[in-house]
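In what follows, chain A forms one complex with chain B and a second complex with chain C.
Up next, the complex of A and B:
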């Protein structure tokens, strides 16, 4: 274990390498570009074992990542905003075929090219982009240390469940330089090829793998969807993660729900106000959403406050998952703007 | 082993997927048969990844006892690039239609050529979008009637091999064959794959191919239209060797 002074982008590369990542394909876009530049630094020193390609666009980066993953490499990519939009092309194929790619999403302002450094407007796109229904895992770390820990975890989860896995972060987090503990993970999932498993095969049809993403009849397509749904329902409770932050165990009447960077502010606000009747619920996996854990925290709660740097993305998830419960939901939403602890302290005061 | 008379099925043929789903008289199965024989002759059945685009090529997803991955329309080249870079000893073949290659996937094709990716790309030029019902393709020739050029196509069209030859100074195996000369076609495909196997870089074969369904042609008219295509699209090797 060592402490190092690093930016979020540098931390991601340390984490990826320590998770056994072997290949990176990407296209520059702020605020995720430095992940690629940092990967190149390591790649130049270790060309025999690492792979790197700056592709012609994000579709190429996403699909080349898929190509490397199917042959058994732990490969990843990183993008943001308009790049995330283009990469949904590849992500939807990875979702349909359950190909364990890893992607780091550095959220920037939306819609469109918008602003370059911060937002939380890519939650829906990252979790549910494409014409599928979100059979992909999305972690939303809240601190730089978590950025390290959950990037490692993303590789492990992706390969353990053979499911595309995302780390949803933002430019504020990626550009911050701070001290992090670089620990070597004890257990790493192994990667494995989905094709070309053996060089010595004979005539048997069953020895060959034919992977497809399109179906000629609706029933086949329905069958694939059912397989996806069954798998998702089986694995999601093993993947779901959340955090509850409260100053002590006294009775609570207010629940703040936030994720990522905003959850950090909310924590700080709770710590600063010493307000004992308020607690924070933070989904760490925004997909699968920790529904049961959230429901458990609702005893005695008279109001929920959802706060996010988006207009209604986390809010939609909360509403969907709490359907039928009659707890009023208030919002403090600022698309593409940061939310400070001071603002949340004000928010708590106003909603006493 | 060389299959001189070219009559038998390739050994890597997947019999359970036959009869195939291409239309009667389609050129795709002719190309696939030559590819199958080439895979047999080069002994690469266990070491090849066959990447398939969306278009009528998608019908080849389970054509062979060869590992295959079907991708999105236009995205086969990046998938096969990622796979090849990750596993350099395998043979990486991308199989696309002219729409997949020259329209929606053109940036990938040109970039693969310019970066000299060590993959083999086979493009089926049937002068239209077959799978979607015969719309104009980048290869549709002047005056050609399609579902989206109902009074005849304009004078602009794409010559892939010529374009790729000019796109870079670096050596590459580039050829254009046609399904009415399968023996020659097999020779081109074989040279292209050997080019990759000897690590020389990018190799490319465009194949002029029949699409009687959308050309709305009988056997005679199919041959006539193929001859017209051949008068515009020169059959030859454009290979650039190392100087």
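Up next, the complex of A and C:
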């Protein structure tokens, strides 16, 4: 274990390497470009074991990642904003065929090209983009330390459940430089060539599997969708993660719900004000959403405040999952703008 | 926790100054955080560095009010004046900032950073004079020797090509350190 001074982008590459990543395909876009640049540095030193290609665009990067994954490589990609939109074609395919690709999303301002550094407007796109229902796992880490831990976890989850897995972060987190603990993970899921009939490692088998992405008739397509739904319903409770932050166990009347960078800000606010009647609920997996965990935290709660750097994207998930409950929900939205601890302190004061 | 905001023009050395300061603080075993800020332009524009350090966990990389503000150009002053409150210590570049309101700030220190660095021999070392003043402002726990070690670590590669830069940088640092009594 060592403590190093690193940026979020650098930490992601260290995490990927320590999780056994072998290949990266990508196209540069701020604020995620440095992930590619950092991977290139490691690739230049270890060309025998690592793969790297800067493709002609994001669609190609996404499909190249899928290509490497089906041959058994632990491959990943990173993108942001308009790049995330273009990559949805490949992500949708990974979702349909349940291919364990890992993608790092560095949210930047939207809609369209907009601003380069920060937002939380890619939550819906990352979790539900494409022409499907979002059978994909999305982690939303809050700190750079978590960025390290959850990037490693993303590779393990992706291969354990053979499901596309995303690390949803943002430019503030990616560009922040701080000291981080680098620990070597104890257990790593093994990758395997999905295109081979006997896909266990070490077995010599040359018979190929036809991995399908096209269906001739509606019934077949429906069958695949049913399989996807059944799988998702079976695995989601094993994947869901959340965090509750409170200063002590005394009675709470207000619940703040936030994710990622904004949740960090809320934590700082609660810590600074020493406010005992307020707690924070933070979904770590924004998809699948930790609904049962959230419901457990509602006892005695008189009001919910949902705050995000987007206009109601997290709110939609909360409302959908809390349907039928009569607790008033207030919002504090700043699409494409950061929310500082000072603002959340004000927000708590105003809503007393 | 201390919050420092460094603001200047692209090219004034805001980012490398931040990197060195961060290295110094990291070696003092503080919790530290640094996030740069810039717009879509490839070059030019205002360059910002948000630095926080302290003995407690830092959850969020940005802040609204700074304990120490370093402002190196007129445009940077316009952009960041909202970060100043009554307790902020403001260090500014008197060569480039003509706005009279900056002088009215209670705890403000104006220095002719551009002129001073040219006297040493190069405008390039201006940020090291600034670093010296910041070190003095955050109090004496940072020794000049600590800063020199960090500068060496960050600029090591450049020193091989240009050994004279090391001499100039250290001269600039010492000058800045002695500007604030």
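Throughout what follows, the second predicted complex is superposed on the first by the 339 of 352 C-alpha atoms of A that agree within 3 Å, B and C clash if a C-alpha of one lies under 4 Å from a C-alpha of the other, contacts with A are read in each partner's own complex, and residues count from 1 in each chain.
Heads up, the rule we're going with is that contacts are C-beta pairs under 8 Å (C-beta built on N, C-alpha and C of every residue); 3 or more make two chains touch, one makes a residue touch a chain.
Quick caveat, the model's predicted, so the values are computed rather than measured.
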Query raised in the report: Which partner does A:175 reach: the first (chain B), the second (chain C), both, or neither?
Result: second
Query raised in the report: When the two structures are overlaid on chain A, which partner does A:51 contact: first (chain B), second (chain C), both, or neither?
Result: first
Query raised in the report: With the two structures laid over each other on chain A, which partner does A:341 touch: chain B (first), chain C (second), both, or neither?
Result: second
Report task. Please work out whether A:90 is in contact with chain B alone, chain C alone, both, or neither, and reply first, second, both or neither. Result -> first
Report task. May I ask you to decide whether A:65 touches chain B, chain C, both, or neither, giving the answer as first, second, both or neither? Result -> first
Query raised in the report: If you stack the two complexes on chain A, which partner ends up touching A:210: first (chain B), second (chain C), both, or neither?
Result: first
Query raised in the report: Once the shared chain is lined up, is A:261 touching chain B (first), chain C (second), both, or neither of them?
Result: second
Query - Of chain C and chain B, partner touching more chain A residues - result: B
Query raised in the report: Who does A:163 touch here: chain B (first), chain C (second), both, or neither?
Result: neither
Query raised in the report: For chain A, which residues belong to both interfaces, chain B and chain C?
Result: none
Report summary line: In the complex, chain B touches chain A at residues 11, 14-16, 21, 45-47, 49, 51, 54, 58, 61-62, 64-72, 75, 78-87, 90, 107-108, 111
Query raised in the report: Given the complex with chain C, which residues does chain A contribute to the contact?
Result: 5, 115-117, 142-143, 172-173, 175-179, 261, 264-265, 267-268, 271, 338, 340-343
Query raised in the report: So in the complex, which bits of chain C are touching chain A?
Result: 19, 22-23, 26, 31-40, 58-65
Query - Parts of chain A lying in touch with chain B, wherever the complex brings them together - result: 22-23, 25, 51, 53, 55-57, 59-73, 75, 89-90, 93, 195-196, 198-201, 203-205, 207-214, 216
